[in-house]
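Shared between the two complexes below is chain A, which has chain B as its partner in the first and chain C in the second.
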Partner chain A sequence: MDVLVIHLLNALLYASVLFLIAGGLSLIYGVMRIVNMAHGNLYAFGAYVTAWAIGSVAAGAPTALLLVLLPVGALAAAVLGAALEPTLLRPFYQRAEEYQLLVTFGLLMILEDLLRFVWGPYPLSASEVFENFGSLTLGDSLYPTYNFLVIGVGIVAATFLWAFIYKTRFGVVLRATSQNMRMASALGVNVNRVYIEAFTLGCFMAGLGGAIIVPGQSAVLGMGIDAVVLAFIVVVVGGLGSLEGALVGALIVGVVREAGITWFPEIELAVLYLIAAIVLLIRPAGLFGRP
Partner chain B sequence: MAGEVNRRDFLSTLGVSVGAALTASAGSVIPSVGVAHAQEKPKGNIPDTPYKIGHMTFFTGPAAVLGEPMYKGQLLAAEEINAAGGLLGKRKIEILKADEAAGTDANVKELRRLKLSEKIDFFCGITSSGNTPALGPVAEELKCLTIFVDGCTDFLWDKAVPNPHYIFRITNMQSADGVTCAVAVAQTWPKIKKIAHIHPDYSYGRNAFDHFGIVMKKLLPHTEVVSEGWPKLGTTDFSSHITKAISSKPDLVVSSVWGGDYVAMYKQALRYGMFQKAKFASMIAFGVAPHAIGKDHPEGVIAGVHSNYHFTYPDGDRWPYNKSFVEKYHKRFSEYPNFQAEGGYTATYILKAAIEKANHLTGGWPEDDAVIAMLEGQMIAGPAGYVYIRPDNHQGYKDAVTGFSKNVAEYPFPILDPARIITIPIRNITAPPGWPKGEPTSTYTWIDKTWPVAKV
Partner chain C sequence: MSTGAVTASAIAHESALVRNVMRWAVPIAVLLLVVPWIVPPYTAILLTYGLIMAIAALGFNLLLGYTGLLSFGHSAYFGVGAYVVALMVKYLKVGSMELFLFGAIIGSVIVTAVFGWVCVRYTRIFFSILTLALSQVLWSLAFKFFWVTGGTDGLRVPTPSLLVGLVTGKGDKTDFMSHAYYYYVLVIFFACVVLMWVIVNSPFGKALQAIRDNETRAEFVGVQIWRYRFVAFLVSGVFTGLAGALWVPLNGLTTPDIIHWSFSGEMVFMTVLGGFRSFAGPIIGAVVFNYLKTYAVGYTVYWQLLLGAVLVVLVLSLPTGIVGTAGRLAARWKKGS
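And then the complex of A and B:
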């Protein structure tokens, strides 16, 4: 029984981080119609900044202080996003989608090299927080206490995002721009401002995903590319541009991956792609996508 | 098929020794690694053009923690040789670096570029067994003299390049890794019954799983595999694999997860209580650069070193090559060498020895074919002990080593317990010359057909 609970917690852990990454990706696409290939490395950037802050700069500080420093990765990713959108992406809105794909893919590569240039080739660890939290006993099993924090952040982020999009004025403007950019613009919405805010928010989410997962794992080169592939599976399943889709997609991927590892270890890597393929065959726009 | 024997008797016929004893290898040997060896004066005219070595290993990513030291090992050897005037006293070694993390296809292109555009004289390095089967045939096609440091898959010689001419490999064959780990388990914990596996899902992990399994079938036939986990290479999230392994209630968890992946795995496994619930044996836990493992690593687990080398063994003055190598390496890089560093260092010196021998016979700078003829059957003493290049398959063989993790005051990271080092003569755990190529490997079929099943 307790093993089942732990499997479930593992699935939620995975889904929480995936939701943060894929949710950001979907938000950006929903509002701006840009498939941001570089998104994975904004997640990696968040992970690196946090790992650097709590693993090197403040190493040895009390856990409480390290926790306060945890979100710096998310903030750094948001700042980076706010700088990238007007400089690199804006000139390409009028062009065909291929250009945007090329630009953001190039950005993915450049960011990868930037991470390597700044933090070197080796994995960056911030395991102190993860270790200090210790483990919680569940029946006969142990579970890393820190992982509850990750799951909690995932849940809180999903709630806040929902409230933000559906309960605030900014959310209304965001949704309006998403549905019809020209009409929103004609009605006096500052579209440039909405774009930069949406992109910054999307990057913040990706960075937050990286920041909260890094203590339990580590920041490594290549993590961003893996993440963007997984995030695409999530949005393919859930529907690109839909936040509900990202949430449901992340939960499906989290549960299916956990079940795959447990019962079909031989096809662990294939099982996620199979899910995506099946969804594409049955509902090409994804479960929550607009066809 | 041999009959049933007692397990303990069979282990002793394998020559498994535990403790600080230095196993002796047969054969007369002239040690030639290191600058201490007196050099004969080179014959004939030697050009003073640089000798270009293309060195490819992981310089980035989680694999770099394990792979990059092979470059440092080669660099140290090259600096020593250059300080003494260069190869044959004239040709200074120049190393061109290439990052193995670029991916197999890009690595093949880079090897071509290094040979055709940079005109390298010699290619060295390679960590991943995903890469040697792709690079080996290309090196042969380019007629590029090559010593792979690692990338130790049996597949290279069994299938990809069954009749090598230009390519060699210095560190132990991969099958030795799974076998060494399994023999150590059979010796240490014969009463275990249920085994859970966690291996990276590519050729190395599969190889480790297969060879561990075949030895279990022979030495501990009462054991069963209760769980398998196949994480992707390069992953840092092992929560699900650890949970699955623990939930199968195993007596032993076996893993060949390596490099930065392993560092993430053991830290997570600690928090999941995996090491309290089961014994643990790894083929390659301590294969990484030693400082990458923290003092929080569990003690008393089998922490393999890819069956090759740990810098603390052979210790003290009993094997001066090791002592001086470790001192020089630490002085140069402010860290301790891993088995890859030893491999890169020894590969450079075995090349040097072959070039000198070939020069002695032919005069002048020797042709590659003369160097190859000298490398075949060459045996030299390296920091890890004697290494022998088998002429038929160009593979380096040295006695296999593994041991148990232990924290000591002298080092800021755990080492292999000096009192419990396990060594096995390599000839007793790898397929001999003349054994037919087998599936999945020659060593696998050799063990399957020639080892007896031990009595329970």
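And then the complex of A and C:
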């Protein structure tokens, strides 16, 4: 029984982080119709900045202060996103999708090496926070308390995002732009501003994912590239451009990954990719996507 | 206008095209033939890598340039070619290059048929993501089943014998690779170029271009889109698989890295670098990219940054690639003089 609970918690842990990454990817696609291949690098960037802030700059400070510093990575990713959208992506909205994929692939290569340039080739850890939280006893087993925080942040982020998109004025404008960019523009919406805000929000979410996961793991090179492929699976399963889809997709991928690691480690990744392929075959637009 | 006039002008156009191509192709072919005798072995081996990648890019561009489908999973077929060879060495103790090529073609036909059957139902971004996901299935298998594939250590492949054992790789490996193997690759490269030229200029190739430019119209004219795309996918994958089989004896080792989707990205990169709207683009792009990457890797640990910046500048300002830009410059120069 305890074992099952622990597996479930682990699945939720994966799902929380995956939702933050894939939700941002999907939001950006939903509004701007662009698939950002470098999205995983923004997640990695968030992880590196947080690891650097609480692992080296403020190392030894009280846990409360470290927790306050945790979202630094998310803010840094948001700033990076706000700088990238108008400079690098804006010239590509009118051009064929191939060019959009290519320019973000180029960005992926650049960001990957910038991380290496700034923080060196070795993993950067911020395990102090993780250790300070200690662990909880679940029946006969121990479970790290910090992981509950990650799951909590995932749930809070999903709730906030839902409220933001469906209950605020900005959300209305965002959805209007997503449905019909020209019409929104004709009605007086500043589309450029909506684009930059949506992209910044998406990057913030990816950065937050990196920031909250880094105390439990560590920031390593290549984490962004691995994450973006998983995020692709999530959005393919859930439907590109749909936030509900990203949530359900993240839960499915989280559960399958946890089951895979436990029972079929050799084909864990293969099963995930196959699920994505099967969903695409049956529902080309994904579970929640608009065809 | 009578159909006879159309055909005659088409033939005149065609032969002018062929003459134009010959003016370029013949000197380049002659140059390629004498390369091993005028450059150091290392440069010849680098060029061999370039020619092999050119075969892969040529296949890749049948999808991107001629059918309008951007695959981000061509590393899978390259990897199938390479791993079929490595597994033939490991389990069947085969050492003949012809058997390697035969096995690689069979292997890549099977894998591309299965993947293609799934993928060609989609276009645009969904096609790209689906090909990427399927290639990652193979990557994860090569990565995890280490008792078969050697995992990240990869599999070693010894120097093969060429031409049913007439030429063996005994003796100096560098000399073998920069001469005998270079010519072997060169002949296959020429054959692939001619074959691809015939394919893209055949009615089949024209139908693919019609699908690329306007799917609905092509369907009205009676082109069976699904079937054409599937065959294009198959041909494209097999070219890339053949390149994988040629690559692995030269490299001596195959690792899961060549199936990872970032290697697919490199194939896309070289095709765009050369220019995917022209026949020669991917060939030139592959050879140039190979030199570019080799020198960038040798020059700095931040070679990805360098190449990424090149890619961004390329798509921003020179979307037609090397061939397209050179053509434009030549046209302007001709007009000026």
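Throughout what follows, the second predicted complex is superposed on the first by the 291 of 291 C-alpha atoms of A that agree within 3 Å, B and C clash if a C-alpha of one lies under 4 Å from a C-alpha of the other, contacts with A are read in each partner's own complex, and residues count from 1 in each chain.
Heads up, the rule we're going with is that a contact is a pair of C-beta atoms (placed from the backbone, for glycine too) under 8 Å apart; a residue touches a chain by one contact, two chains touch by 3 or more.
Keep in mind that what you see is a predicted model, and the values were worked out from it rather than measured.
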Looking at the overlay on chain A, is there a clash between chain B and chain C, or do the two fit? clash
Quick one: is A:L142 in contact with chain B, with chain C, with both, or with neither? Answer first, second, both or neither. first
Look at A:L274 in the shared chain and tell me whether it touches chain B only, chain C only, both, or neither; answer first, second, both or neither. second
Between chain B (first) and chain C (second), which, if any, makes contact with A:R116: first, second, both or neither? both
First, second, both or neither for A:A64, with chain B first and chain C second: neither
Does chain B (first) or chain C (second) touch A:L102, or do both, or does neither? second
Once the structures are superposed on A, label A:V229 by its partner contacts, choosing first (chain B), second (chain C), both or neither. second
So in the superposed three-chain picture, is A:A186 touching just chain B, just chain C, both, or none of them (first/second/both/neither)? neither
Considering only touches as defined above, state whether A:E266 meets chain B (first), chain C (second), both or neither. both
Can A:Y14 be said to touch chain B (first), chain C (second), both, or neither? first
Give the one stretch of chain B, out of 19-27, 37-45, 127-135 or 271-279, that collides with chain C after superposing. 127-135
Looking at chain A, which of its residues have contacts with both chain B and chain C? 116, 265-266, 268-269
Can you check the complex and tell me which residues of chain A touch chain B? 3, 6-7, 10-11, 13-14, 116, 121-123, 125, 127, 130-131, 134-135, 141-147, 213, 216-218, 220-223, 226, 257-258, 261-262, 265-266, 268-269
Residue ranges of chain A touching chain C (in the complex, touch as defined): 35, 88, 91-92, 95, 97-99, 101-103, 105-114, 116-117, 225, 229, 232-233, 236, 240, 265-270, 273-274, 276-277, 280-281, 284
In the complex, chain C touches chain A at residues 64, 70, 72, 118, 121-122, 124-126, 128-130, 132-134, 136-137, 139-141, 143-145, 261-262, 265, 268-269, 272, 301-305, 307-312, 314-316, 319
Going by the contact rule set out above, which residues of chain B touch chain A in the complex? 59-62, 64-65, 68, 101, 201, 228-232, 234-237, 239-241, 243-244, 246-247, 260, 263-264, 267-268, 270-273, 276, 296
